[in-house]
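The following pair of complexes shares a single chain, subunit A, combined with subunit B in the former and subunit C in the latter.
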Partner chain A sequence: MLKILNGGIEVVVEDWPGRLGYLGKGMAPAGAMDNVSLEFANLLVGNPVGEAGLEIAGGYFQAEFGADTVISVTGTDMKPTINDQAIPIWESVEVKKGDLIKFSHFSEFGFRSYMAVAGGIDVPVYLDSKSTCIFGSYGGFEGRKLQPDDVLKFGKPAQDLASLKDRKLNKKMIPEYSREWKIRAIPGPNTCPDYVTEEGMDFLFSHSFKIQHSSNRSAYRLDEVKPGFFAREDGGVGGSHPSNIVDHAYSMRGALNICGNTPIILIADGPTLGGYFCALSIINADLWKVGQGTPSRDYIKFLLCTPEEAIQARIEQRELFTEKSLL
Partner chain B sequence: MEVTVKAHMPGLVARVVVNEGDKVTAGQEVAVINCMKTEIHVFVESDGVVKEILVKEWDEIEIGSPMIVLEA
Partner chain C sequence: MKNKYDVILDTLPETGSRLEVLFRQAGDGFLQVEYGREQRANLQDSFRMQVVNEMVLEKKLNGLIETVPGIRTNLFHFNPTVLSPNSLIEEIKEAEDLVKSIEDIVVESRLIKLPIAFEDSETKKAVEKYTKEVRPNAPNVINGYNLEYIAMCNGITVDEVKQVLLGTEWYNSGGGFWPGGGFFWPMDPRCAIVVPKYNPPRTWTPEGAVGIGGPCVFTYTTPTGGGYQLFGRTIPIFQFSQKHPLFKDSPFLYRSADRIKFHEVEEEEILYIFEHVHNQTDYQYDITEDKISVKKYLEFYNSEEVQKGAKIFQEKQREGTRTAPRL
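Let's turn to the complex of A and B:
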């Protein structure tokens, strides 16, 4: 078990692919903001790669282990320590009962760190997933971020702990981080010429958008679009602003919603429907980059992509999460 | 000795809850940062007197931005 000493900025239990199949009932998928880091973390400790781990946003998390186990930390380097001794990331590490783990804050690159434990985090499976949806207050550990004195239970490891320690990810597999995240996206469903001008679409695929401070697990807000972006004067029966439409389902996760003049990426805990149009859809293989984007600091640049390229990228990404990626 | 209280998260300054000349004690909240639509509290690590406030409400700050100077 793990006793939380300091919940830090925002630490939640998340798995992958999250809670799929319930959008029609208004349930967000939740799930890890950076699935690549979570899945590699699980691979390192011998878990099924989609098993639940801890998503640590920002940092300052501290906890005490109540049992011997093996852990791995991935994602941004928050300079984690065990009993004040630095531990490596992208590797599995043995810990003992009574050990204290501490995280500093996010590094020069990236915003979220992930910790997997051999056997996974033992929280109830709710609607097919252990993921926390903060916005909806369900799933994970009591539907919320962790707080001091919370106690998490671990699942049963798949193998002997001794065989799981000191496993390393091949350095070639560690994702490349940036402060300007290049994210592939498919135009639509609401695009040129009905909703956005050609100049507007050029702007979406050429501007470097700063991530706004209010970005969180529901939505990443970006810089406003420029005059000349919209192809219509108003939203007709949908509303007075040209970004308005009659409410419809959003293509979760990864829709770029145009809300007034503000483009907003709808992600893990985001809304399942609404009355603003969506000009782009981020491809599944690049969603992790949104999760590592640091609010108030990093930028996002969209790269044009076809559905065929998106499917191929997804296939290639899924092939990474096997023992072949370990040294 | 002067001690500078720095931002531990990026975001907007939601408010500063002390005034220049106020005495503060270790662990006391002195400001609030708004990030991820969450209020994140800024605490001082040592006793002192607020000498200078370097930020104001709605200022955008980065991690490590100086916020308040204390005479410790």
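Let's turn to the complex of A and C:
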């Protein structure tokens, strides 16, 4: 078990692919913002793909272990320590009962860190997933971020602990981080000529968008679009603004929702339906980059991608999460 | 030549019984099916979509995760590494072509009777909180509530507003946006009230609140923010804990194509039922298995009496919309 001493900025229990199949019931998939880091963390401690871990956004998380186990930390380097001794990231580390783990803050690159524990995090499975939906206050640990004195239970490790420690990810597998995240996206469902001008779509696929400070697990807000973006005067029966549309379901996760003049990436805990159109969708294999995008600091640039390339990227990404990726 | 942002993957031509069907690309793993190039909000499109939706779901396609029907679009969520977008389109087209005439359509539609207490103390608190904390002197708050504003926007009296809400069955075009929610449209065009949404939205709305935004009625499933003008309060339609037998298999009450019908009660009865849903768990919901025959519905809808009444109503509404303060 793990006793929380400092909940930091936002620490939540998340798995992957999250809670799929409930969009029509108004329930977002939630899930890890950076599934690649979570899956590598799971791999390092011998957990099955998709097991729940801790998602640490921003930093300053501190906790005490109530049992001997093996952990791994991945994602942005928050300079984690055990009993004030630095521990490596992208590797599995043995910890003892009574050990104290501390995280500093997000590094020069990336925003979220992930911690997996051998056996996973033992929280109730709610509607097929252990993921927390903060926005709706359900799933994960009591539907919320962790706070001091919370006690998390662990699952049963897949193997003997001794065989799980000191496993290292092949350096070549560590994802490349940046201050300008190049994210592949597919146009649609609402593009040109009916909703957006060709110049408007060119703008979406060439501008470097600053991530706004108000971004969170539901939505990443970007810079406003320029005059000449919309191909229509108003939203017809959908509403007076040209970004309005008769309510439709959103491709969650990854849709770029045009909300008034503000493009908003709908992710994790975001809305499942609404009255604004969507001009593009981030491909599934690149969603993780949004999760590492640091609000107020980083930029996002969309790269035009075909559905065929996107499907191939999904397949290739899944193949990363096997023992072959370890040294 | 196709432009590089063209997202219409395929179409089916307009026939006497349906609009043109557009298959829109919406990411790797999402496909949006849309009825017609011009937006409209007409229940006929939703009836047809429900039937085609059921036919596709019955195929139990490997890789299809879920569908999210709306009033004129249906979002298909699938795993593209298992089910290719093209084969999914073929399956949907096959179902579309089997529905020859809209008149033959019979939609499975339960009728759920819900009590409502108009202007109850809980929703009054929500309005009071709004004027205190969010927008003092909001023009949609008259005598501490929204009913007079709803009446004003539609050129009718408060008593007529209540009769309109009670006087028609409300049809669920599909859920979304908030856990367990549904979007309800009036079956009787003489009851088609329309109001603007709050600007800015509320920060709190009690569970069970009944509101209207644009043309849609919404019943709040859990305490949350929200922007719909409030009528009063009904009983629980969602239960996270799943303690009550009705919610044993899932926390949701509503299904797509359900209808609700309100009847007026005193607030004490609503509170009594809350207790008997959430704590005693012995409240019996009034739900009838039923169907909508589109042929009969169209006869009703197109009858002289209904059309004449709808025209008179719309005239009052136009005058109301013109004179009511904007938000």
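Keep in mind that, in the parts below, the second predicted complex is superposed on the first by the 327 of 327 C-alpha atoms of A that agree within 3 Å, B and C clash if a C-alpha of one lies under 4 Å from a C-alpha of the other, contacts with A are read in each partner's own complex, and residues count from 1 in each chain.
One rule holds in what follows: contacts are C-beta pairs under 8 Å (C-beta built on N, C-alpha and C of every residue); 3 or more make two chains touch, one makes a residue touch a chain.
Quick caveat, the model's predicted, so the values are computed rather than measured.
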Q.
Quick one: is A:9 in contact with subunit B, with subunit C, with both, or with neither? Answer first, second, both or neither.
A. first
Q: Could you say whether A:105 touches subunit B, subunit C, both of them, or neither, answering first, second, both or neither?
A: first
Q: Return first, second, both or neither, reflecting whether A:25 touches subunit B, subunit C, both chains, or no partner chain.
A: second
**Q.** Which superposed partner A:307 touches (first subunit B, second subunit C, both, neither)
**A.** second
(Q) In the superposed model, which partner reaches more residues of subunit A, subunit B or subunit C? (A) C
Q: Identify the partner contact of A:176: answer first if only subunit B is touched, second if only subunit C is, both if each is, neither if none is.
A: neither
Q. Should A:238 be classified as contacting the first partner (subunit B), the second (subunit C), both, or neither?
A. second
Q) Does the superposition put A:191 against subunit B (first), subunit C (second), both, or neither? A) second
Q) First (subunit B), second (subunit C), both or neither: which does A:216 touch? A) first
**Q.** Overlap of the subunit B and subunit C footprints on subunit A, listed as residue numbers
**A.** none
Q) What does subunit A use to touch subunit B in their complex? A) 9-10, 57-58, 60, 105-106, 213-217, 294-297
Q | Sites on subunit C touched by subunit A in the complex | A | 3-7, 24-30, 32, 34, 37-41, 65-75, 77, 80-81, 85, 174-181, 183, 214, 216, 221-222, 240, 250-252, 256
(Q) For the complex, give me every residue of subunit B touching subunit A. (A) 8-12, 34-38, 40, 60-63
Q | Of subunit A, residues touching subunit C in the complex | A | 20-27, 127, 136-138, 186-194, 196, 198, 201, 236-239, 245-251, 254-255, 271-275, 278, 281-284, 304, 307, 310-311, 314-315, 318
